[in-house]
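Look at the two complexes coming up: chain A is in both, with chain B in one and chain C in the other.
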Partner chain A sequence: MPTFPTAISTQQLSFRYGGVPILHEVDLALSAGKIIAITGPSGIGKSTLLSIFNRLWEENGDGRLQGQVKLRLDGSMVDIYQDAYPLDTLRRKVGMVFQTPNPLPMSIAKNLAFPLRLMHIKDKGLITTKSEEMLRKVHLLDEVGDRLQANATQLSGGQQQRLCIARSLMLEQEILLLDEPTSSLDRQGCLRIEALLHELRGTTTILMVTHYQDQVQRIADLCYELREGRLHQTL
Partner chain B sequence: MNRATERGLTLLCWLCGLLPLAILCIVICYLLVRGGSSLNLALIFDRVPAMDALLGHQQVFDGLFPALCGTTMLVLLTLALALIPGLCGGIYLAEYASPLERRILGLLFDIIAGLPSIVIGLAGFSLSILLHRLFPGRFGPCMLLSAMALAFLILPYLVRSTQAALNSIPQSLRITGPALGASKLQNILLVLLPSRIQDIIGGIILAIGRAAEDTAVIMLTGAVASAGMFRSLLDQYEALPFYIYYISSQYTDAEELQRGFGAALVLFTLCGLIFLLALLVEQGFSRRWKR
Partner chain C sequence: MAMGSGLLLIAILCMMAVLGWPLVENGRFFALFSTTWSPHAQAYGILPMILGSLRITVLALLFSLPMSIGTACLAELLAPRPLRRLLLVTIRFMAGVPTVVYGFVAVFLLVPLMREYLIFGSGFSILTASLVLAVLIAPTMIIFFVNGLQSVPRSYCHAVDSLGARPMQKLIYLLLPQAYPSLLIGVILGLGRAMGDTLISLMLAGNSVALPESVAESGRTLTAHIALVIAADFSSMEFTTIFACGLILSLFTVCLIVSIRLLDRFGTRGAQHREMSTESRP
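Showing the complex of A and B:
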């Protein structure tokens, strides 16, 4: 059985958001390549917890973080709040998919090319090859391959969510944060995404917020419940 | 709420929506009835051949051509002066300003928006006197000064409409770019502004309308009844709103009044063409972004 190095670690991590305590002195060490589920009641701060690992909470301000958060990026552990690690680079390496699919109101092809465009990559051949590869990975190529110029907002909810995952994967992230990615999908769409996560296991560390215990049983390697500001391991 | 009240309210809203449209139709019909018969090339070019006037071979003294050119140039110059500061101001207020800055600057822009245009005209007039004293014989009331005063007049419209457009973006779209590694500026330029281009162009159209119709500012800062074609931005100039105002207050016979109504129709058409151009730009931009 291969051993995986630590991908995510926190020390004495406390976080308050809008004056409300979310986390209290949390120590965590999560192995790379695993699927880690986070559960807990609604409104307890699970989504906020995810946004700590790509510093996306800073977009809304009004949060206060104490303690240490280290991620394995490019082979070494980086303190993302202390080491002056560039924010845009961090977010390219730590992808995030939201509860509600959020394709940009542009074509499917442009949605997929968007993360590369942000990095000033203009090689059309590379973008096309990579887009097709990621669409194949999320089992979407057969469904939309012949209409890549169609507006992404015209796709079904499940297709949109898979597109968002494919868009995120364009950057070959080392860590993927998923905030209830299947909550707005039917069973078929849900199973497709779970199959995709199975394929990503081993190469990508996946931290996923979910409400479904059966989903946890099916795909998670570890599960933590967020309760009273602390993470309690339940699997 | 019972069904009858709901139907009554729906009808009221429908009528309220219809009212401005009805007023617009009445105004257009009235202008067409009163000035439609004066609409011909002679109204614009007098007796000068149109091509000679357009190529600048002959001056038009008794037609609307100099006023038409004056108004077009004035609107374009005003937009050139106000557009970038207006958009940047709106972006700053929506995306960068602290809550305190937002409150103070927002109040300031609201005060400017509420200033009567005659006050801004007076300020422009005072500036022209100052410049005339500092540079005798070189500066006075002119098109550049009018455009500067009009730019100041429309600036709050541009700032506030841009700010409102950006503020209306849903959070889910707002964080899509940053979650993929977009810097703040990349997010603004590649996601936020394109997604609200329709609202922003709407604000620009309103500002164009305001600049094109204002008379109080230009009559104090450079517009005159008879100046012929302007030769530089430091010249006095003719403008359609001022021509309409002048004719309506000084007309000597029915034919002259009819020409005033004709000028109103020309101004109306000019504004419509500028709006159409703005809409085409918006549609072209949206199509490019969405595909």
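Showing the complex of A and C:
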């Protein structure tokens, strides 16, 4: 049985948002390549917890974080709040997919190329190859391969969500944060995404917020419930 | 609502045309577009004022637009958070400052500077008025630009942020293109305000009725001309010309708005066409 190094660790992590305590002295050590589910009642702060790992909460201000958050990036553990790690680099290595699909108002091809465009990669051959690879990975190539110039916002909800995952994967992130990625999808779309997560297991550390216990049973290696500011392991 | 506004505008235009009709009856209508304004010699040319208005408006917009877009971007995204709040408060305060205050400050601070370092003569010039007018219209434009940037859906912002976009990339690739309609409205309002402002040009442009050869010379705008004539006269042919000035001013504003709308329509179509062309390449 292969052993995986720690990919995500927190020490004495506390977080308040708008004065409301969300997390209280959380210590966590999650292995790389696993699928970790986070469950808990609505409004308890599960999404906020995810946004701590790519520092997305900082865009809204009003949050206050204490403690240590370390991620394994490029082979070494980095304290993302203390080591002056560049924010743009962090977010390119820690992908995020949101509850509601959020393709940008541009074509499917441009959506996929967008992360590479941000990194000033202009090689059209590379972009095309990579886009097709990621579309294949999320089982979307057969459905949209012949209309890559269509506006991404015209796709169905499930297709949009898979496109967003593909867009996230364009940068081959080491850690993927998924905020209830299947909540707006039908069963078919949900199973497709779960199949994709199975494929990513081992190469990508996946931290996923979900409300569905059956989904946890199907795909999660570990499960934590967020309750009263603390994480309780349930699986 | 739109129809009511349109009817009101037409009624105002008609009223000005009727009140200015004596000029046509006396065969002086085309003489309006000459360069000589000399009521004693029965010469009522308002071309210098038309050109004065256009020059000051265009210059003010040229100065104000980059300043306003830059400030809006700072206030919405680029500046540190405490500075953003301070900027917005300052801009809202500036929008409420009476025009005469800008005028007085400029008379005592800017005009001497212009006289000493940049312009020969009194310092009262088209350039001086344009600079102050640029500052005057900037808050209106900035407030619209900031509102436009804030109206971009948060889901798009989250997507771009989570992909690691730097603030400038977020601005260029997402916020500015998405906020384009609001930017355009801000420009239209700024233009309208610059074109319609009376006090700044009256206080700072010098009010010369001669046709200026450069922006460093004194000039008079249509609005300043109306104010100066109406202050001294109520019945002569000279007085009648101000209705022609008003009509021209209104038509200018209408033309500006229509051309910007057309530019917007063609621009949007062009952008869509360009996008499709780019994407259809192998």
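Heads up, the rule we're going with is that the second predicted complex is superposed on the first by the 235 of 235 C-alpha atoms of A that agree within 3 Å, B and C clash if a C-alpha of one lies under 4 Å from a C-alpha of the other, contacts with A are read in each partner's own complex, and residues count from 1 in each chain.
The criterion applied here is as follows: a residue touches a chain if its C-beta (ideal position, glycine included) is under 8 Å from a C-beta of that chain, and two chains touch if they have at least 3 such contacts.
All values derive from a computational prediction rather than experimental measurement.
Student: Following the overlay on chain A, give me a clash-or-fit verdict for chain B and chain C.
Tutor: In the arrangement built by aligning on chain A, the partners chain C and chain B clash.
Student: Counting only touches as set out at the top, which of chain B and chain C does A:L118 meet: first, second, both, neither?
Tutor: both
Student: Could you say whether A:S107 touches chain B, chain C, both of them, or neither, answering first, second, both or neither?
Tutor: Both partners.
Student: Classify the contacts of A:I8 with the two partner chains as first (chain B alone), second (chain C alone), both, or neither.
Tutor: neither
Student: Quick check for you: in the superposed arrangement, does A:L73 touch first (chain B), second (chain C), both or neither?
Tutor: A:L73 sits against neither chain B nor chain C.
Student: By the touch definition at the top of the document, which applies to A:M134: first (chain B), second (chain C), both, or neither?
Tutor: So A:M134 meets neither chain B nor chain C here.
Student: Of the two partner chains, chain B (first) and chain C (second), which one does A:V144 touch, if any: first, second, both, or neither?
Tutor: A:V144: touches no partner chain.
Student: Please work out whether A:I22 is in contact with chain B alone, chain C alone, both, or neither, and reply first, second, both or neither.
Tutor: The answer is neither, since A:I22 touches no partner chain.
Student: Overlap of the chain B and chain C footprints on chain A, residue-wise?
Tutor: Residues 54, 56, 59, 87-89, 91-92, 95-96, 98, 100, 102, 104-107, 110, 114-115, 117-119, 149, 167-168, 171 of chain A touch both chain B and chain C.
Student: For the complex, give me every residue of chain C touching chain A.
Tutor: Result: residues 81, 155-166, 169, 173-174, 178, 275-276, 279-280 of chain C touch chain A.
Student: In their complex, what parts of chain A are in touch with chain B?
Tutor: Going by the criterion above, the answer is residues 54, 56, 59-60, 87-89, 91-92, 95-96, 98, 100, 102, 104-107, 110, 114-115, 117-119, 149, 151, 167-168, 171.
Student: Residue numbers of chain A touching chain C in their complex, please.
Tutor: The contact residues of chain A facing chain C are 54, 56, 59, 61, 87-92, 95-96, 98, 100, 102-107, 109-110, 114-115, 117-119, 148-149, 164, 167-168, 171.
Student: Sort out for me which residues of chain B touch chain A in the complex.
Tutor: Result: residues 171-183, 186, 190-191, 195, 289-291 of chain B touch chain A.
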